[in-house]
Each structure stands twice: as structure tokens, then as C-alpha cells.
Amino acid sequence: MNAFLAAVLTATAPVVLAALGGLLCSVSGVFNMALEGQLLWGAFTAVLFSHLTGSAWLGVAGAVLCTTVYALLLSVPAVSLRADPVVVAVGTNLLALGLTAFLMRQIFGSGGTFSSPELAGLPTLAALGLDVPMLGPQSPLVPVAFLLVAAAAWWLGRTRSGLRLRGIGQHAEAAESIGLRVSGYRHAAVLGAGALCGLGGAQLALGNVTLFSEGMSAGRGWVAVVAVMLAGARPWLGLGACLLFGAAEALGFRLQGLGLPQQAADAAPYVITLLALVVVAAARRKETTG
Amino acid sequence: QPAASPGKSVILITPNPVGTNSFLQLSVKGAEAAAKEIGASFKLYESKDPTSIAQNLDAAVRAKPTVIVGVSFSFDDLFATVPKQQPQQQFLQVDSCAKDQAANLTCVSFKEHEAAYLAGVEAGLLSKSGKLGVVAAIDSPFVHRWIDPFFAGAKSVNAGATGTPLYVGGNNPFSDPARAKSQAQTLTGQGADIVAAAASGGNQGVFEAAAAAGAKAFGVDVNQCAQRAGTVIDNVLKHVDVAESAALKDIAAGKAGGVKVYGLKEGGVGVNALAGDLASSGCTVAASPEVVAKVKQVRDDIVAGRVTVADPLTG
Amino acid sequence: MTPPPRTGAVRVVWSPAVVAVAGALLLTTLVMLAVGVDPFLAYPALVRGALMDGNLEYTLAAYVPTLGMAVAFAIPLRAGEFNLGGDGQLSLGGIAAAALALHAGGSFVLPLVGAALAGALLAGVSAPLRTRLGIPAIVSTLLLSAPAVSLASYLARFPLAERGTGLAQTPLLPDAAHLPALGSSTYVTIALPLVAVLTVLWLLADARTVPGYEIRALGANREFARYGGVRVNRLAAVTLAAGGAFAGLVGGLIVLGAPYRFVDGALTAPGYTFTAIAAVLLAAGRPPAIPATVALLTILQAGGQGMEREAGVPSQLTQIVQGLIIVFVAVTTVTRTLRARSRA
Amino acid sequence: MSTPAVELVGITKRFGGVLANDDVSLTVERGEVHAVVGENGAGKSTLMSVLYGLHRPDAGHVLRAGTRVRLRSPADAVAHGLGMVHQRFRLFPGLSVAENVVIGAEPVRYGALDRGAARHAVASLAQRYGLAVDPDARAGDLPVGTRQRVEILKALYRRAEVLILDEPTAVLTPGEAEGLFRMVRELAGEGVSVLLVTHKLEEILAAGDRVTVLRGGRVTGRFATADTSADELVRSMIGRSLHTASPSLSPPEAQAPPGHGPAGGPAAGPYLLEVRDLHVRDRDGVPAVAGVSFGVRGGEIVGIAGVAGSGQRELVDVVTGLRRAGSGTVLLHGEPAAGGREPRVAYVPGDRAGRATAPGMSLADNLLMGDQRGFALSPGGVRRRAAELVERFSIRAASVRTPIAHLSGGNAQKAVLARELSRDTPVLVVEEPTQGVDVGAQEQIHALLSEARAAGRAVLLQSSELSELRALSDRMLVMFEGRLVAELPVAEATDERVGAAMTGNDATRAPEPSGEALG
């Protein structure tokens, strides 16, 4: 059971970070479908900086910085120039895929996968003297991811800027007419999402594993988008969606071992999420009409 | 217009983007090397889907190179027709062979199941728990050549051995090291002490999981022992580059046609335990001479036909 | 192929698009120069790769499914519903067509009908989920997509699988089920006129029929449509199912064309669904522009392969260039279609 | 006098070909209530938007307390002590009342929102000005009148020294409007300057100090309310006198005799609409209509009065077929309604942006709704038909292809009326027909409704303007808490009696469920 929990937490952490970013954008009224590419870019830059500096933490810092900058590619067109964020996201996702693979060849001289004994991965909590046996051997970014959800929930609900961000997402004109700078907040949200994806990518490439592999975000950004759609503006619900998804996935692996076809295991997280959604919606429906 | 170069040229068409696929990487390397040797230029056409395979093949035919190389089963349909329509053009199919083989189509295929069997023998001898696992990219028939014989080999030396395959699947099965690692962890968590990797870009994740759990792993296609020193026992090798470049040279020399099957006998597949540089390979099997001896014996049995390894594709 | 419901529509479509392409080309040239690719080699290769040397056939072969998927996304979008489940509908349609062709025999008609039905059914599931349970279609279509892809993959891998091959694929479909080719081409089949005609019919229906008007009204303001006597739930369900049918049909058309079988992953690998969504969003609420935006993106993709082949541009660079062009085009054709969607 | 609080100097604002403001100058003193009136599309909202930094003028400038200021955004306006209450509310539906009020100027404690302080500030402001609101309610759940209060609290909380109110009473009940004006006077007494845009002349005469009249973007009159009359204002607004006294201009005593429309004679046709023992629950399952019965004859206008939320909306929804009844029947021409949106009932909804129009669609498409039949549709035909309606009902719009959102508020309302009145249905249900409509258009709309009566249609009219109900109806029904508590011939419908009935204090005459109404 502990191993299961640990596996779920590890697998979920990068998704949670990306989803949190997407949620901030959603709260501010920007639909962010660029998470997949940003996660990948974060993973790549994390490995790059870790490799260059020999420090995993500098790798994390580099990923956060670089991915925030990368998010400008979404924020400037979508917020300042009023381009459709979905189309822009399609473009930046493709760009991230090409750019990471291209730079990998240019910088590391190899295609496919880059890993090296010199590449510094994130230490485990235990190595830092913060062992929590319950959670298994996790990188420090895993608890950070979950703490950030709590922080975001508090920030959105209890602070001045959080309140304003919520207002902007609900009714931009109203926000403008009381003198709030809507685009400023939206830029901040999109760039913040970039930073979070950078963190998520770093966790993926230096925490979950210690390597970079072409396209290694492997749909995690899309799962995060689904979580955002389900959660609306509620961080805890987003976290719940991510955990449910992660648990269903981990369960799928275990059932595969018992003979469940791969395709069923692939489908399981989606089916379970949808079923959960249906059950919740039906219960809510009954409550109001019954 | 960069029309067909006046000299010799080789065009290699892949069925998918090369990306993290070590097999495709190797086939590119082999063709490139052969082209250099025969003084030909080399071009790589990466395909994205069946239609783009056909489009690339069309373009290749227009370019009139010395040889057009198509990699994998994905060319079975096209190579059943196109070579007949283009009798002047030489074709080489790697890893499979189209039906009703035309005279101008040369095929190279591999008995990777024989090598996987040998790896299984090593695993059966070295496993303490008797529980083995494989993490493969997807559940396709071809991939079973690395799974079923691996377990069969283990059983041949350790009757109580059991094997569990897990498939990475998901959105990007060939390059999801985190997921592959998680699956390897699932296997080690269930008591497996040896996990073979057949997950392309995910292999390194498998090695990491094995290392963290104190288990051992197998690599695939090329020597991956150095990727995680002390963890990788051995690799299921497939010398695509060697076989491919031999075939290309043959074709260039006018010896075209036929199917060349590379098994243990021909040295087209193998494991590092059988290689001359075992000591420097970094593979942990080097530390178990008795295992290496057994592997050599089984190899000889297979070559001599005393042991036949079932091919999951036909069997 | 596009009916001109308004004079000057073509001008409206092209003026920003021309700016977009020009700007994108400039950017791309800079990238090429930066990494040492000769633009004078690459650009002609792009054009040739898409439109000349016999490549037009393949560009058309990619254009047809992309256009079909664009309509599959656009129909429900007009009613304010987002169909993000194109991949699932496509795969299910494809496998249904393959199963029917293999086991029911006969011509390609029944498989195509079955494919459309399969897609319609899958997309149609989202309608009651939305009207009865309030689960937005954008969520349910997306969540239903992956399981449908998995189901199709499972069927191709096990019950419908061809034996003795390394790939997960069905056997070759019987000749009678193959789509008739146009002329001597293998890849340009009657799928082209079929999808073109259906697209034109949809464009006409959208602009010149009462249901088309009602769908637009529904998308513009649901309560307004209800007030006007439009059966909103039914109409929303119809558009979702129609979108799904289009996607399913596209799946069938792909499978019944060369290589005449369902190959696992082959329908989703080219990314028709998302290319199509991008094209529809680029058209910015002007349906007649969709065939043009689809053409733009298809040519880019087909031409990208040409650049790789001829100019030795690595495929990663092609992706970079396409990504930049899409961002650039999005900026120049500013749209307002999807503002409040994040609240879905 | 001291320096004026605000001076607008030579403001000119052009939208494409439309000259919305043409060299408009206007001065507002400290503590003054300054009314701005004019026909629909005269440029009032535009002028206010310029002052609030929403539009930048093409020419002219703004002085605030004597110094020239640049208002590039509402943020600038807020910084200069301006506050604006938009007619289309700008509240955050998901936030609480307190959050809505303080957002942008939040009290903070230890880095976090001080929610206690916010709530307290709102409660004390509300108490001081007699605006009853629950600080913790979600804004999206509030009735319109309360939303209006929240908007005003927003401005007050920011200590606006100049308060702009764009048609603040259009959606308020008479009682609410009265409260608003009391507060406006009180604010003025404290030195706040108020700019009041309205179409209701009696409000101006009662609450304003001075009036500026706009017509076609130009100032056509400046008056002190003490020295002017409704008639003079109307002439200045529309360049002529009204044919007959507008209902909102005249006291009830001056009205035509009850029961006699322009067609003359009491209504005597058959019942085209009958409602029997209707029970309806609202979305939360709370009974909203409880046992309502009445009938409307052809050639008759029956008015429905009631405090907002007394069940009128649900009643209308059932009659038009937009909501299912819990029990009871609706009969049209004596036959039960089919269920679903009833094609024999034309309907002018009160919620213009939410129900009556699709703001993003063209005027032509908006004019078509409800009349789409068959399968084929010719866009040219749709536009021609729309052009006819635009002509016949003198709707001012650049073209029938412009989105209806670009029309001024009053013209959008005229479009809705044009569409519904032109439909050939026996029954006509009308909610708030003159909401946001200038006096000239009010007159026109009233004439149209009378025409419908004369043509033998059965008209059910809901309005929060008692004077309007009195002017048009043959009979008045009063609703209170979901029941019909009074049915009065219009002659007996004095303010006192209707007011008492509306608040549940009238025991004189509750109609029997099977009374006269159902004959």
C-alpha cells in the first residue's frame, strides 16, 4: 500500500504542478493548453542546466527561469495581442517538441535519450534528512508540489491579488471598470504557469528519473488540462482529479500484471475519471431535485 | 533541383520518426556506414504515418538511388508491389520481408528471439526470487519476440521462474521513461529481481528503478550496460547495422535478392556475454563466468539445432 | 469547393492570412539561417514537397481527413459545444469500417455508414452527459476519446488482428471494400469528392437553412435560442452526433484507402484532430474560410516532409518552423471565438 | 460658486461613421445632481464612458476640480475620484457582495485579505445609506435591485466624489428607485456630485438640480430643474412635443378613463388566454406561483403588477412555454397549450441581453428568431425582412448586419418589440416594454401595444412602472408571494391600493380562483 501511494505521488507530482499552472490561467480567464509543451521544455532545460552546472538545484532554477521565458510565447500573443490561446498553444507545443529534440542533438550530440552518470538528479527527502517513510523515496519537489496547491488555494481565497485574479477571470470588463489591469494579471498567471511547468518538468526529468528523452512529457500536460477543466477554479479539486487519475493509472499497471490488456490499462484513468464525474454530477443532481 | 546524384546513393526510409528508437538509430547508423564504404551519398526519410511512408517511398523512387532501404513490417504492403513496378530499382527491406518477393528486393531479418532466449537463460540462473519482469513499450506482436522467449529461456534453467510483462502504453509509449520507471517499480515491488527493458526511450527509467530496488536489468539492441553501471546484466543485441551494411554492400556488388536471416548462427543477434569485449562491456554478467559458460552452451545448442526457440510471431 | 455566400469572403480570408504567412516566413528564414540551412534550398523543397513532383497526391490525401476532422469540430462548435474527442471518434469509425469490411463483405458503403454511426454514437454520449448531468462536452468528449482509441487498438491487436505480422493491424480488407481511386492515383480516392461535397453541404446548411440558423443562435446565446422555440438540447445533441459522424466517417475513409487496413496508431499518429482544431480556430468563426485554413496547415505539413527529404532539414527543424508559423498566424488572424471556455 | 467638480470641454467622439458626441461641454458642481437626458442613441452613454476613461475622445478634454486630467482607463478615473454604475451591471458573479465591493481597494491585514474588515465596511456603508444587503451573499444569486445596490456600494466604498449613474432605475421597482434617489440626495448633501442618465423625466424633475439634454450627439438644452417643465425637456430632446402626454410625464389623474384603450370601449372578445390554478416551483424547488387563475380576452390588455420576485417571471415563463407548470393548465383559444415554447404566444422578454437577443448575432438574425420555419433560409430574404422592420419601427442601426450588441440600449429594445409585435399571434406577453427607452420611443411603443389590442390580440403586460400599467391596461392583476392578491379595474388601481396589494396588505379583494376572470 505504501508503495502504491508512493508511486501515485511520484507519478502525479509533475502533473499537479502543470495543472496548478493551468488552473491559475483558467482562474484569470485564459485557457492554457500549452502545458504539454512547457512541461517538456521544463524537463529539457532542467537536464541542460543540471548537466552544465553539475547541480540539480541549479537545474531546477534554470528550468523555472527558461520555462517562464518560454511562456512568453503564449502570454504575449494570447493576452496582449488577443490571439486565440488554443491555436497559439498548438503552435508552442509543436515548437517545444521540435526545439528540445533539435537542441538535444546540437548540445548533447545524440538523439533520442540523454542520460549520463554525471547528470545530477534531485536528492531524495531521506538524503536531506527529511525522511517520511509513508511517502516512499521522493524528491523534495513532490511535497513542494502538494504544498503549492495549498498555497495557491490560500492565495486565491485570502489575498488581495488572489481575489483580483478571480474577479478578472469572472468578468474582465467589470475588473477593468474598477481600474484593475486585466492583461497584467493575465500575463502574470500565464508566466506563473510557465514557472510551475518548469518546476514540473524539472521534477519529471530530475526527480522521477534522471535523464531527458524526446517527448518525455508524454501527455502529462494534457492530463493536466483535463484536471483544470474538471476543477474550474478550485485548486483542491484539481489536486483530487490529478490524484484520482494517477491512482487509476497505477492501479492499471498492477492489473496489467494480472493479465489486463495494455489498452484497458491505458483507458482506465480516463474511464475512472469520467465515472467519478458522472457519479458526482448525478448525486448533485439528485440533491437539488430530490 | 537536387536530382539523384550522379554517383551512388542510398536512401533509408523509417516507418516512424527515429527519435528514441534505438533500433531505428542503429539502422540509420548501419546504412550511413555502408554508404560511406561503397562511396555513396546517404539520405534519411523519416515517416510519420502509413501515408507518409508511401509518399517517402514515391519520392525515393523518383530520386533513383542505388538502393532504397525500408525498415520494418510497415513496408510489407508497399514492397509487395512497388519493386515489381520499378524493376530497375534495388530495394532492401530490413527486419521483415514482403510477400511474393520480387527479384530486386533483398530482405534482411533477425531472430531476435534467439538472443532474448539467451538473456532469459542468464536471468533464470541469476534470479533469486525466480520472479522476472519485462517492461515493453507496447503490446504488439513484434515486441513479444523480446518477452516470450526471455521467459522461456529462464524457465529452461529454472523451472519455477515466472514472468510478468508490463507495457508502457499511454500517450508516448516509446519515450516515457517516467512511466517505464514506475512500471519497473511495480514489478520490483511485487518481488521481481530482474527486469528486462524493451521500452526504447523508457529503458533508462527501467534501469533506474532496478538500481533503486537493488534489482538487475537487461538492455536491448545495443550495449546499455554503461547506462547504469552495476545494474544491467546483459543486453539482447541485434546487429542491424552490421547486417544492413553487409546487405547493402552485397547489393552494390550485384548480389541482390533473397532473404538473409540473421540468427545466433550468423552472428546477427546475440548477447554481450558472447562478445569478445565482455570484460570491458560493463555488463554484470561478466562477474558470473558459470553463467557465461552456460550461455555459450545454449548458444551452441541453438546453432546446432538441438534447441529451437519458438518465434512468437509464427508460433 | 467553397461556396461564396458573401462576395469578398475570399478577400477577408486572405488579407490577414497573407500577412501571417509573410511574417512567419521571415521568422522561419531567420531560424534556418541561424542553424545553417539554405533557405533557397528549403523553400522550393517545401513547395515541391507539398504540391509538385507527384506530392500533390499525398497532400490531398492528408487534406481530406484534416478537412473532415475540421468539420467534425466545427459543427458542434457552431452550437457552442466543443468536440475534443476527434481521435476517439476517428479510431472507432476506422475500426468499425474495418470490421464491417472484413466480416460483412460487400462494397465500401456499409463500412462507411458503420464508421459514421460509430463516431456519432461515441460523440452522442456526450449529449446526455451534458443535458442531464451538466458535464460539459469539452470534458466528456476528451475523456471518452482515450478509451475509444484504446478500444480500437485492442480490437486491432486481438479479435481483428492479422496473424503472423509484427504490427498490430487488421488483415488486408477485401478488394470490394477499397475506395475507388480517382484516376491513376492510389491515395486520392472518392474520399476527396465525398468530403468536399459534405463540407459544401454543411456550409450551405449553416448559412442557408433554418437548422443552420438555429444552431448558430444556440451557439450565440442558448437562452435566446430556447426563447425562440429552438429545441436546444436536441439540437446540441444532433450537432455533437453529426460532428462525431463526420469524424467516424473520416476514420472509415482512411481505413478503406491505402494501405487498406486498420493499422494501430496510424489514424491518430498524423495528428489530424489537433491540426483540424487549429484550422477551425484560425478561421475565426467564418466557416467558409475553413477549407483554406486547412489547406494552409496541410501544405505546411506535407511540405515539411519535402524539406526534410530534399534540403536535409532535420525533422525537428520542421516542427520548429511549423510551430512558429502557427503562432504567427494565430496572432495575425485574431479571433474571439473562445473567450470564456476555461470556465467549462 | 467654487471650482466645478467636473468639466467636460468640447468632447467629440466618433465611432466609424457615427458621430456619437459632437463638441459636448458640460459642467457639474460639487454636490450637484446633474441629469443627462436624450433619445436613444443621443450619445449619453458615450459621454459618460469618456468621462470614466472607457473611451478616449477624439477631441476635447476633461477638467477635474479645475485641473486638466488624462483619463486613459477606468483606473485613471477611479484615481481621480470618479465612480460609475453601469446600466449593464459589472459585478463578479462568483464573488461575495463584500468581495465585490472591496475588490481593487481591499483591506489587508498581515498580508492577507481582512475579510472581517471588508464585511464590516460594507455593512456599515449599507446601513448608513439604508441599502439592505447581505455582505456574504454571492453576487450572482442576487436579484437585480440588490445588484444595483452593490454597484452603488462599490462606488461609495471607493469614496467617489463624482458618481456616474447610467440609467440606474431602469431595472428597479418604484420603491427601490425612491430609495435610490433618497440616497442620491443625501450624497449630494455630503458634497458628492452625481451625473444621472435617465429616460424618466419625473425622476429628473424630482431629484436633479440641473439637466443637460443631448440630441444626435449635440447639446440641445441646459436647464435648471426648478425653471423647467417636462414638456420643455421633451421638446428639447426630440424637437417636438409629444402627441399625447406620455404616461411617465403625467400624474394618474390625467389618464384616459379606465378600460378604454385608443380603440375605445371595454374589451369584449373571447378568452384567448386562460390560466387555471397554476402552480410552479422555481429552480430550487420553492413554490413560486401558487394557484393562479385568470384570463385575457382578445382586444384586452391585462397588466400584472408586483414586487420583483413575486412569481411574475415564473408565470410568464409558463405562459410562453419556457417552463413546465407543476400543476394547472394554460389554455390558448380554449385548448391546452402543447408544451414547449408556444408558437401562438409572442413574447417580449425583460432580460434583453440574456434572453431577448443574442448580442453577438447580427440585427437581421436577431429579428428572425421565432419566425424561422421550414428548411431553406435565404440570407438575402432575412436581411430584406429585417430592413423592413427597421424602417417600420424606426430602429437606428448602421446596418442590419451589425451585431445587435452595437446598437444603443433603447434601439435594441425597439428591435425586440419590432420582432414580437410583427408576429401574427393571438396572444402577446410583454415584460418591461419601455425599459431603457426614451420618451419618444415610449410613446411609440405604447401606441403599438394599443394597436395590438385594437387588432383583437390578448395582451398580458408586466411592468414595474405602475404608471405604464395604468396607462395601457384594461385590468390590473397584482401578485404577491406567488398568488394573485388583487384584481382591479384600472380606475380603481390607485398607487395606494396597488402598493398595498403588492406588499400583501390588501384584503379588499382577492379574486376567486374560478371568478369572473374565467367566466
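Each chain gets a letter, A, B, C and D, in the order it is written, and its residues are counted from 1.
Methods note: a residue touches a chain if its C-beta (ideal position, glycine included) is under 8 Å from a C-beta of that chain, and two chains touch if they have at least 3 such contacts.
By chain, with names taken from UniProt: A, C = ABC transporter permease; D = ABC transporter ATP-binding protein.
Keep in mind that what you see is a predicted model, and the values were worked out from it rather than measured.
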| item | value |
| --- | --- |
| Chain pair with more C-beta contacts, C-D versus A-B | A-B |
| Mean-CA-position distance for chain B and chain A (Å) | 34 |
| Centroid distance [mean C-alpha coordinates] between chain D and chain B, Å | 76 |
| Distance from chain D to chain A - Cα centre to Cα centre, in angstrom | 47 |
| Junction residues of chain B, two or more chains touched | 138-139 |
| Per-residue overlap in chain A, given as positions that touch at least 2 other chains | 101, 261, 263, 266 |
| Touching pairs among all chains present in the structure | A-B, A-C, A-D, B-C, C-D |
| Residues of chain C touching chain D in the complex | 5, 207-214, 216-217, 220-221, 223-229, 231 |
| Complex contact set, residues of chain C against chain A | 35, 129, 132-136, 138-140, 142-147, 150-151, 153-154, 157-158, 274-275, 277-278, 281-282, 284, 314-331, 334-344 |
| Contacting residues of chain A [partner chain D, same complex] | 158-160, 162-164, 166-167, 170-171, 173-181, 233, 288-289 |
| Parts of chain A lying in touch with chain B, wherever the complex brings them together | 3, 7, 10-11, 14, 101, 111-113, 115, 117, 137, 204, 208-211, 213-219, 222, 250, 253-254, 256-257, 261-263, 265-266 |
| Parts of chain B lying in touch with chain C, wherever the complex brings them together | 1-2, 16-17, 43, 45-46, 48-52, 54-56, 58-59, 62, 72-74, 76-78, 95-96, 138-142, 313-314 |
